[in-house]
Amino acid sequence: MEKNGVALATRAKPNQYKKVIQALPDARFESVGRCIVIERKPLPRLPRKIAVVSAGTTDRPVIEEARVTLELFGNSVEIIQDVGVGGIHRTIAAQELIDPCSVVIVVAGMEGALPSVIAGLISKPVIAVPTSIGYGASFGGIAALLGMLNSCASGVTVVNIDNGFGAAYAASLINREIGMPISGQ
Amino acid sequence: MEKNGVALATRAKPNQYKKVIQALPDARFESVGRCIVIERKPLPRLPRKIAVVSAGTTDRPVIEEARVTLELFGNSVEIIQDVGVGGIHRTIAAQELIDPCSVVIVVAGMEGALPSVIAGLISKPVIAVPTSIGYGASFGGIAALLGMLNSCASGVTVVNIDNGFGAAYAASLINREIGMPISGQ
Amino acid sequence: MEKNGVALATRAKPNQYKKVIQALPDARFESVGRCIVIERKPLPRLPRKIAVVSAGTTDRPVIEEARVTLELFGNSVEIIQDVGVGGIHRTIAAQELIDPCSVVIVVAGMEGALPSVIAGLISKPVIAVPTSIGYGASFGGIAALLGMLNSCASGVTVVNIDNGFGAAYAASLINREIGMPISGQ
Amino acid sequence: MEKNGVALATRAKPNQYKKVIQALPDARFESVGRCIVIERKPLPRLPRKIAVVSAGTTDRPVIEEARVTLELFGNSVEIIQDVGVGGIHRTIAAQELIDPCSVVIVVAGMEGALPSVIAGLISKPVIAVPTSIGYGASFGGIAALLGMLNSCASGVTVVNIDNGFGAAYAASLINREIGMPISGQ
Amino acid sequence: MEKNGVALATRAKPNQYKKVIQALPDARFESVGRCIVIERKPLPRLPRKIAVVSAGTTDRPVIEEARVTLELFGNSVEIIQDVGVGGIHRTIAAQELIDPCSVVIVVAGMEGALPSVIAGLISKPVIAVPTSIGYGASFGGIAALLGMLNSCASGVTVVNIDNGFGAAYAASLINREIGMPISGQ
Amino acid sequence: MEKNGVALATRAKPNQYKKVIQALPDARFESVGRCIVIERKPLPRLPRKIAVVSAGTTDRPVIEEARVTLELFGNSVEIIQDVGVGGIHRTIAAQELIDPCSVVIVVAGMEGALPSVIAGLISKPVIAVPTSIGYGASFGGIAALLGMLNSCASGVTVVNIDNGFGAAYAASLINREIGMPISGQ
Amino acid sequence: MEKNGVALATRAKPNQYKKVIQALPDARFESVGRCIVIERKPLPRLPRKIAVVSAGTTDRPVIEEARVTLELFGNSVEIIQDVGVGGIHRTIAAQELIDPCSVVIVVAGMEGALPSVIAGLISKPVIAVPTSIGYGASFGGIAALLGMLNSCASGVTVVNIDNGFGAAYAASLINREIGMPISGQ
Amino acid sequence: MEKNGVALATRAKPNQYKKVIQALPDARFESVGRCIVIERKPLPRLPRKIAVVSAGTTDRPVIEEARVTLELFGNSVEIIQDVGVGGIHRTIAAQELIDPCSVVIVVAGMEGALPSVIAGLISKPVIAVPTSIGYGASFGGIAALLGMLNSCASGVTVVNIDNGFGAAYAASLINREIGMPISGQ
């Protein structure tokens, strides 16, 4: 990865970072998002913002993994938290912040209903990330994953449970495609 | 059941009704709700309405099974359809119709997110009925069932997949308890 | 939550309580039910009792979570323990204690059969809470959850595994609805 | 099997019987239990009765498969129906009929709670047969199977879903062992 | 939908089309893709092509559902078939056709490995559609779904089993975002 | 339980025993079978032996739990180990030891095939205990449980995973029934 | 496939064969194994026999699919039926027929125990094919599949449920490798 | 096992090795593959190499377990790492190293797609080992296991999750069969 001047290791533990920092003193540790980041030559800035929307604070490690990944790949990020469907008026109010973004990453555990509501509110690509937050019949994120795969709203695609990196990487590919000159087809 | 002057057979088929009608000519067939109903002496009217809320029209057999059951047991019913979370403003507009009711039955397939939004909007008992509508990873209603069991909104209880009767019966018990004189505790 | 003068945090750990007590010295820790409770201005008492019924003592954390929640929201609680279906005469004897209550919360692990028997004995709303007690093919409460969803007795609704809070909150909503003046419909 | 003078084919269809009867005119068809039976030389009568207990009438094919098997292998059978746990007083009243039997086969669908109650009432071997009766989260008998495997009452063993034959065969082996002279150990 | 001058009904059956054609004589039936299409005023053409890649011919209904959806929403479509991972050199040869496209929809049943290989070959958003093609331990598409969710290649997002429409709708939203003027952020 | 002069606590841990021994100094700890046993007045000896058969040594805690339970309830026990189906000639050689027993408890993990072979060799009641031994697709004993429920040999009944106590209790009930005088039917 | 002078279509239906025969009059239909075979230039004979072992007759379609595949690819086949583990002495007697073979394909439904016993008897590669024969908790072959994956005997590899073709193809590859000159490593 | 002069204990822990070394000072510990090996009299060398192919380094314990087992049983081993399907050109480049081998063991976690690609590239027996590497919807290796069982390429057989030993043992049996004189059939 060093060929691009940047490197990213996700799901890193503090003691792994301690080893990395000795060899690569410019490595940075994003403790909440559990990422080790090296950014020697920042990648080119992409033209559009990406929104990362979530219900609560328990999903923060996944949100942060997405944010760190997005920023490393040149995206501006709009973090929108505490807009769960149990307080639907706040969910609706988030629309204004989402509107200028090109892609929306929606992170949700439990019943995983937030992507359906968001995708119903806006006509933009929604990438849903189920999280393992929950207990009992949430089955470590399966309930949220199934909810998202069965979303009644069109335009929702899904990544693996807790895969903030994957959602961010896919969103970044979309954003990069947007920035490309349209020609020659 | 005849001791109460009423009888109800759910999941009945037309040819079963044909046999019943010969022995019991006052039997009625509710074809959409697939119920055979005999109501010789109507049960006493209960004081409060019960709302039956759903997203679309594909869940109609379950909605009708609930409605027929509720009415037979003496409840007035408010049917509220086409308020799925993919069109959240219509969901919110339903609140006005729900407010006078004592209990809300919410029928939903696919990701089963509607009960969470309804329970977030109002402070009333919500009984959620997952339906088997969907395909692929909806697994015949399991996705909706898990979504409802993991609802982020408090106050949601759940019955078996497609069990419109069970939800209505439980709602009716609540409504009956409301009508009882409060004393002697 | 402080707007109501009460607050409740479930699934709290002792060291979380230690932090809370420093900022909010009137916080109370319910160690068995694993709840942190703040009750500055008690909520209005509701008119009817709620029963919490269980088979044994292993389910106590869930029972206590339900009891603490119920009491905080203004309900009187009747705790009825050690009435599992393996000793059915004791189960039946519980009926007398349940009768004055408006709602019955039934907590059960293993095969989760207790709600069926209780709902067959009384005509009241039964909210069933499966617990993760068991081993092997209990699959962390799934056996009990499925048993409750498939109850042969009408009037049973179900919440997530170990969700004593959810059952209590729903029961409390019912009890509150009972206390409301009936008019204007 | 003809070496014993008896033969039994379970899960037989009417057209299969039509073929068998041509070759073996003394074959008998048990249409409810779906068995083809040939009984040229009845097996010796075993000393004790076996009870077959069930909740309702929907499980009749399984009950009949068990009864036909038991009788073919020389057992007297006590059929006890309509004693489901939703009407617990009838369940308890069944005890008197069960007491003289050496083994109890309990057939139950839905939540599969009946074996637990029966095994709590009597101190005899209970063989539980889950049935595929039910819908939604009964998953073709899995809910009943799991309920029985997790029975809170001791002394319950379980066979495959709808396996009336297997339960009857096992019960018959027990009954045969009872009739053996006890010596020479 | 008629407000846009176009309408689309997926999973339509021939006899449903017969009814629709009577009311709406300009309705078109796409028999392989099982769609009823009305296109009174074509939507604006979007600037980039979208690729639909698959292994074999058994997935054709899903591929066609995606194609019809994509074209209705204004996208040019590149269909690339018979490039399954069991013949990896043909898979690689597909890269040339994919390169000018903005998004790649990959349809695959069985082990669902094709999206991983495609996403490793190109740096573009890949939307994976698991299909229910297979038998035994494919579990109606679950094996493919899980394979895609666990893709070792970054940039893959997933929709429900057989959901060609959903993938096409999401791809179309991305393509539309690409066509928007970038400004005002 | 003290009414019978005996008591048994299964799945006990050493530190639980330390507490028990202080209150009940005659309590005995069976460390391999993880049982606390109090046996003040031994129960009457039952007339027939019970065999406990297993493949290897990894299942010993379950075997021991069964043995301790059997002996406490008055049964003589024949322990037969190291006769797994991978060395089928040793399995067959076990028949001689099993023959005098009235019931056979078969303990097996992994594919759980041993009960089928044993039940094919002898005509006696076989109670199968799946164990959680194994890894990967053994799913904590589910593979063995399913194998036993689907046994091709008749006469096999099954208990929960690792439930040595339950198998022994059921076997003991059978043995007691055998010892009863046959009369009065 | 015609480049080798042979072609094979598995899981073919009679009416598919009717169409094929019109275009390719030398096509042969193997009705039990459900295969359409074209064999214009037989493939070279391989040096060793392959055994196909099974318990009963219900698995015949899978056995035949394997046999047809094996013979088409140049293998001699030894079919050994009716050697299920419920009659273990017949299983053992099969060893003599298996010994000259290079590979053993073992086809089994229900608990899938046969491969374990065979692999314990002989030191040869065993390819296990679970079949969907069974009911209830056999889950369409999952019980057999899990049993085979957890075989206590070493040397067993597994293919998909009912995949007689896959097992035969793999066995044929092994047999072909055996026939190759050993040199040049 | 000592009769062959070699012994192998898999899934061994360092402290288990410490005990073994005291009794058997010539025991060797393979720490990455977690095996204790005793090799007093090496087994005869087999004529052909066996390839062990994998995607990354996280699967190393399984790869090493396979390698140690293979070498102990007399096989030469070709280890080929870092050839995952996300970088398909490296996968293809591996073909040259695989070609001289008689059997290919393919170790893969996540979506388990590598065996399909390898089996499509070469016409040799492929034994696939799913690993428990992954998270979320990988379900401890189930995703990879299902992927391999549903491989679109013929000739793939599968062993249990993480079962490097089983794959190596089966491969070794094949290699031994290859070395045998072909005669007397």
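Every chain is named by a letter (A, B, C, D, E, F, G and H) in the order it is written, and numbering of its residues begins at 1.
Basically, contacts are C-beta pairs under 8 Å (C-beta built on N, C-alpha and C of every residue); 3 or more make two chains touch, one makes a residue touch a chain.
Please read all numbers here as calculations on a predicted model, not as lab measurements.
Shared contacts of subunit B and subunit D, meaning chains that touch the two of them, come down to C. Same-residue interface: subunit G and subunit H share over half of the residue numbers found at their contact.
Over half of the residue-numbered contact pairs of B-C are shared by just one pair in A-E, B-D or E-H, which is A-E.
Subunit A and subunit C have Cα centroids lying 37 Å from one another. Centre-to-centre separation between subunit B and subunit H, using Cα means, comes to 56 Å. Annotation for subunit B: residues 136-138, 142, 145, 149-150, 160 touch two or more other chains. Chains touching one another form the pairs A-B, A-C, A-E, A-H, B-C, B-D, B-E, C-D, C-F, D-F, D-G, E-G, E-H, F-G, F-H, G-H. On the subunit H side of its complex with subunit F, the touching residues are 130, 132, 140-142, 145, 160-163.
Interface of subunit A with subunit C (complex): residues 135-138.
Subunit F makes touch with subunit G in their complex at residues 55, 84-89, 91-92, 110-113, 116-117, 119-121, 134, 136-139, 142-144, 146-153. Considering their complex, residues 47-49, 76, 100, 102-103, 123-127, 145, 149-150, 154-160, 165-167, 169-170, 173-174, 176-180, 182, 184-185 of subunit A touch subunit E.
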